[in-house]
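Going in written order, the chains are labelled A, B, C and D, and every chain counts its residues from 1.
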Amino acid sequence: MKKLVEVQNLTKYFPVLGGVFSRPIGWVKAVDDVSFHIYEGETFALVGESGSGKTTCGKTVIRLIEPTKGKIIFEGKEITKLSQSEMRPLRRSMQIIFQDPYGSLNPRLPVGEIIREPLLVHNIGTKKEQEDRVVDVMKLVGLSPEYLHRYPHEFSGGQRQRIGIARAIVLNPKFIVADEPVSALDASIQAQVLNLLLDLQKKLALTYLLVAHNLAVVRHVSDRIAVTYLGKVIEVAETTELFSVPLHPYTQALLSAIPVPDPDVKRERILLQGDIPSPINPPSGCRFRTRCRFAKDICKEKEPPLIDVDGEHYVACHFVKKGKKTEYTVS
Amino acid sequence: MRNYLIRRTLQSIPIILGAMLVSFIILSLVSDPFAAMMENPKVKLADIERLRKAWGFDLPVYLRFFKWFGSVLTGNWGPSLLYPGYSAREIIFRALPITLQVMGLQFIFSLIVSIPLGIISAIKQYSKTDYTLTFFSFFGMSMPTFWFGLMMMLLFSVYLKRPSGASLLPPGGIITPGMESAPFLARLGDRIQYLILPVIVLSLNSIGSWVRYMRSFMLEVLHQDYLRTARAKGLPERRVIYKHALRNALIPIVTLIALSLPTIVSGASITEFVFNIPGMGQLILNAELKNDYPTAMIALTLSTVLVVIANFVADIVYSFIDPRIRYA
Amino acid sequence: MATEYALEEVEKKETYSYWRMVFKRFRKHKLAMTGLVILVAIIITVIVGPLIWRVDPIAQLEGPYELLSPSRDHPFGTDDFARDVLARWFAGGKISLMIGFAAAVSATIIGAVVGLVAGYFGGVVDAILMRIVDILLCIPTFPLLIALASVLGKGVWQIILVIVVFGWMGDARLVRSVVLSLKEEQFTEAAKAIGVSPSRIMFIHFLPNVMAPIIVSTTLGIGSSIVYEASISFLGFGVQAPLASWGNMLQNAQQYIWNAPRLVWYPGLAIFITVLSFNFIGDGLRDAMDPKLYR
Amino acid sequence: MGNNELLLDLRNLQTYFFTDDGVVKAVDGMSFQIRKGEVLGLVGESGCGKSVASLSIIRLVDKPGKVVGGEIIFKGEDLLKKSEEEMRKIRGAEIGMIFQEPMTSLNPVYTIGNQIMEAILVHQDIGEEEAQKRSIELLKLVGIPEPERRFNQYPHELSGGMRQRAMIAMAMSSNPDLLISDEATTALDVTIQAQILELMKDLQKRTGMAVLFITHDLSLVAEMADIVAVAYTGKIVEYSDVRSVFKNPKHPYTFGLLRSVPSLVNEQRKVDLPAIEGMVPSPYHMPNGCHFHPRCPFATDVCRREMPELEEKLPSHYARCFHPVEVSKEVV
C-alpha cells in the first residue's frame, strides 16, 4: 500500500510565558516525538483523552500549526519547511473538518459563499462553474441547494456540519483531517454524519485522519488506530486487532471504560487512579506510569520506545515484547 | 506576584516617558513662552536670552526635552512663568490638594451611588425601576459637563435663594473671602458648600456610565451556571446575589473604573474652569494658554503618573478579587 | 448512501440577511427608536430651518440690539453681539453635527485600521501600536486637546483633526480585542486551511465581524465628539465667531448667565438632546447587533 | 431496588418558555415516578426538555420559562404549591443537584471548601468548625486526595474530574433523598467518566438515595439506571425498566436510536449505520400529530393527525406510539 502521509518524530511544544519579561518559563509538550504513517484510501484514527495532543497533532500534519521539530511528508514530498505561501497550492489536496459546527462557519457569510470560497481562493473555473460546483457539492452532502443564500445561524448543528464537509470536499482533496467531526452532535445526527463521511470516502477515494475520543465511533469508521497519551503515541494497530488484543495497559483501561448500551453486559472495568498529569510536566520515563497498575522502577527511569510487536502492531511499553508477549504483573 | 509587580513597574516607565514626550511636543508647539515676555518693557532682552538658553530654546524639540527631563530628575522643576516669583512646584502643590479633594469626593460619591443602582437595575431587568434607572443613566452619560455646571449654577445661585437673599450655594470659587483663618470646622463647612456643586456635576457622567456597566456586568453574571448552583444549594436569594454574583460582577468594574480615570481628570479641568476652582485642571489650562510650560508640563506629568499608578493599583485589586489571576 | 437521503429541510420561513435582521430588532428597541426620531427631527430642523428663517446668522444688527429678549422678530432673542440667536442656532447645529460626524467617523476608521493591523499581525507591530495607545490613553487628553487646538488654528477642519488625534485609541483597542478573539475562532482556522490569504482573511472574514462594534462605537463617538467640540469652543479655542456652533454660542453665554440665561439654555439643550439621541441609538444598535443572537 | 415507597411523582408537568418569537413548550406533559433508592435514567437529545424538567422540579427555571401546569409530588407534597422559602429548604437538603460543566458550575472566586461549607451551614444547625470538618469528610468521601489541601483551593486549581467530585460532595452534603444529575459526566474524559460513574453508584448504594440521572448517552443509562424514560420534544415517549427498554424497545425513536449508535462488538464496520432520518423539529414549528412522525419509518395517517397517548404496550412497559415496534417490523 502507498503511504500518503508520513510523520516522523513530530514535536510541538507551546511556550508557557512568565517571569519578569514574559519569557517562556516552560513548555506544554502537546505532541512529543510522534511518528506514524497513513496509507492512501484508509481512515487512520488518533484517539485519546483531553491533553493527549491528538488535535494538535492532526492540525500540525496539515501545517495549520507549525511543528517544533520533526518531518511531515505528503505524497513523498517533505512539506515541513514550506512557507505558508508555498503551502497554498498544496491546500487543494489536504483539508480539514472541524469539531464545532457553530464556530467553524463565518456567521456573516451566506452558505453558498462559504462553500465557494476555496474555489475562489484557488482560482478554479469561472464564476458560473464555481456556482455549479457549489450546487453539486451541496447535493452530495445532502443539503438542498435552495438554501444557498442562507446564513449559518439558520441551520441546525448537523446541517452546519454538512456545510463544513462541503467546504472541505469542494476542491476534491485527497486527504482530510476530521477533527472530532461528530462529537458536538446529537446521537441521532451522529449516525447521519458518519454515514456521509463513509459514503464520501468511497465516492471520492478520500484518505481520512480522524481525530476523536469516542472509541465506538472510531471503531466503526477507522482502518487503523493510534492511541495517544500525553503527547505520545503509545499503541498503533489495525482496528479489529486493537479492540481484540489491546496490549498497552492504558489502551486496556480506555477500552474497558467505554459504556455499552446493553444493561446485560457487566464488564470488569479497569479503573484508572487519579487524573491525567499536566503536559507541562509529564512524568519521567513512561508517561502513563503514574496511573498504571503495572508500573515498576524501570518505567520511571526509561521511556519505552514504540516497537513493532507483531506486524503493524506497535506498542510502547516495557513489558510488551515481540510476538505480543506481555509480561506485566501487578506489583 | 512579585515578578508581576516588577514587570508592571518596568512597563509603566516607558508609558510615563512616552506620555511626557507627547505632552512636551504638543506644548512646545503652542508657541514661544518668551515672546510674551519681550512685550514687557521691564524684562531685559539679555535676561530673556539667558532664560532661553537655560530652557534649551536654542535646541531642537527632542534635545530640549532631554534637557528639561534631566532638570526634572534633579528636582529642579523650574520657575512658573505664569506667576512670576513662584516656582512651578509651589504653584502645583497649592493646586493639587484641591483637585484631589474634588476628584476623591467625586470618585467615592459616584461609586456609592452607581454600584447599588446598577445592581438594582440588573436584578429588576425590564421592570419600571430598570427603565427609570436606564433613562437617568443615559441622561447622565449624555450631559455635557460644562453645560450642566452652568445650569446648576443658574439653579442654585440664581433661582434658589436663601431667606437672607444670598444664593443657596456659592456659584464658584473654593473659599469665602475671610474664611482663611477661621477655625477648622467652620472652614470645613465652608469648603463643603463650595464642593457640592462641582462634585455633583463631575459625578453625573461617571454615575451614568457606571450604572450601565454595573448593570450589564451583573446581568452577565446572573446568567452564569454557578448562580444556579448556589440556588440549587438552597441559599437565600440575598446571599446568592450579594455573595456569589456581586463579587464576580465587581471584577470587570475595577478595570473599567481605572480606565475611566483620565476622563475624570479631563472632566475636572473644564469643571474647575466653570466653577473657578484653583485646582490642577484650571492650572494646566491656564498654564498652557499662557505659555507657562514648566508648570503645565509638571502638572500634566503628575496627572499622567496618577493615572498610571491608579491602573497599577486596579490590577493589584483585581488579582485580590479574582483568584484566577495568578501572576507568574 | 448520502445522496439518497431526503435533502434536509431548513425551517420554511422568510430568510433575512444579517442587516435586515438587525434592522428588525432595532425597530423593537423603544429608546433607540425615540432617539432616532428625535435625531432625524433635529437634522431636518437644522437643514430646513434656515430656508424658512432667512436671517443671516453672522450679521450684527444695527443699533442697540444686544441681548434682546425673544420677540416676534427674534424668536430666540439676540446675543451679546446683536446677532439673531435662532439663525445662529440653525447654523451652529449644522456645524456641530458635521464636526461630530466627521470626527467620529475618521477616528473610528483610524482606530479600526490600527486595531485590525495590530490584532492580526501581533508581535512587534502590535506591541508598538498598543504602547502608543497606552500612552495616549494615560494622558488627560482634554488639556492637550486645548493646547493643540490653540496651535492648529480655529477652523472647523482643525477642530475635527484635534478631536481625531485624541479620539481613535478606544476604537483601536476595541477592534484589536475583537480581532484577537476572531483569530481564535475556528472559521479563521478553516480559512487558513483553505489557503485564504491574510489580506482576504482580514477584509472578507474579519471586517464584517467587527462592523457591529465599529458602528456602535461610531454612533456613541458622534455624541462625545459633539461634546468635545462644544467644550473646546466653550473655552474659546474651537470654532471662532462670527461662525456659529452650538459650543461657541455658549462661550460668552456664561457671562450673561445672570441676565440672559436663555443663551445658555438653547444651544446647551440642543447639545444634550442630540447626544442623548446618539446614545439611545448606540445602545439600540448594540442590542440589535449582539453577536450572541446570530451564532 | 430498595423499597417501593414513592419519592417523586411527576404528573403531567408543563414548562413553557414565553419568548419574543413565540411560546416554546420545552416540557409538555411529562410524567414519571421515582421510588426511594431507585435510579431513573431520563434520556434524550438536546431540546427534548430533560434539563428543563429537572430545573422545574427544584423550581429554578429561569425567565422567560414558567411551569404552567402539572404536579410535582415529592414525599407526598406538591412542590409547585410550596412557598419560595419552603422550597429553599428543600433545595440542597432533600434534593441535591449536580450539573454538566463543573468549571462553570462552581463559583470561581470562592474556594471549594467555602462553597461546600456554605451548603452545610445553610441547612444544618452546626458551627463553622464542625461544618469545616464535615466538608473535609465529604471531600474524602468523594475520593479527593489530600482533602485538607483541596479544601482551600479554588475551582481553577482542580482538574475537571476533581471539580465534579467537589460538586458531588456539595450535593451530598445534607444527605439528600433525591440526587439529580444533569449530564454530570458529559464534559469529562472516558476514564474520568468511569471514575465518576463508579463513585455515584457507590454513593447511591451506600446512602440509598434515589437518583434522577439525566443524559443524552444511552450507554450510560444502560449502566446506571433501574428505570428508563426516553424523552422527545418535551414528552416521554417510552418508559419502562432498563432491560425491557434496551431489549425490547417499543417506540420507533428508541428503537432507531439504539440501532444508530456505533457498537463496540458489531462485526460490521465501515458500513452505513441505520440512522434516524431528519432532525428534531424546531420548537416553534412542532409537527401536528405525533411529533416524531416526520422521521418515523412506520408513520401512517393517524400519526400525522393525532398525538398518541403513553400506553402500556407490554406489562409495565409504556410507549407513546400508534405502531409500536415489533421484531417482525424491523427494517433491514
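Operating definition for what follows: contacts are C-beta pairs under 8 Å (C-beta built on N, C-alpha and C of every residue); 3 or more make two chains touch, one makes a residue touch a chain.
Everything numeric in this text was worked out from a predicted model, so none of it was measured.
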Work out the mean Cα position per chain and let me know which chain is farthest from subunit D. B
Comparing B-D against A-B, which pair counts more contacting C-beta pairs? B-D
Suppose each chain is reduced to the average of its Cα coordinates; what separation in Å results between subunit B and subunit D? 54
Where the centres are mean C-alpha positions, what is the separation of subunit A from subunit C, in Å? 49
Per the centroid of Cα atoms for each chain, what is the distance between subunit B and subunit C, given in Å? 24
At least two other chains touched by the same residue of subunit D: list those residues. 272, 277, 279
Which subunit A residues reach two or more other chains? 158-159, 192, 195, 199
How about subunit B: which of its residues touch subunit C in the complex? 14-16, 18-19, 22-23, 26-27, 29-31, 134-135, 138-139, 141-147, 150-151, 153-154, 158, 259, 262, 265-267, 269-270, 273-274, 281, 284-285, 288-289, 296, 300, 303-304, 307-308, 311
Per the touch rule, the subunit C residues reaching subunit A in their complex are 1-3, 5, 7-11, 15, 17-18, 185-187, 189-197, 200, 204-205, 208-209, 291, 294-295
Taking the touch rule as given, give the residues of subunit B at its contact with subunit D in the complex, in rising order. 223-226, 228-237, 239, 244, 247-248, 251, 321-324
Quick check: in the complex, which residue numbers of subunit A touch subunit C? 59, 62, 64, 87-89, 91-92, 94-96, 98-100, 102-109, 117-118, 121-122, 139-144, 146-147, 149-151, 153-155, 158-159, 162, 164, 167, 171, 192, 195-196, 199-200
Contact residues on subunit A for subunit D in the complex? 43, 49-50, 156, 158-159, 186-192, 194-195, 198-199, 213, 215-217, 219-221, 223, 239-240, 243, 253-254, 256-265, 269, 271-272, 274-276
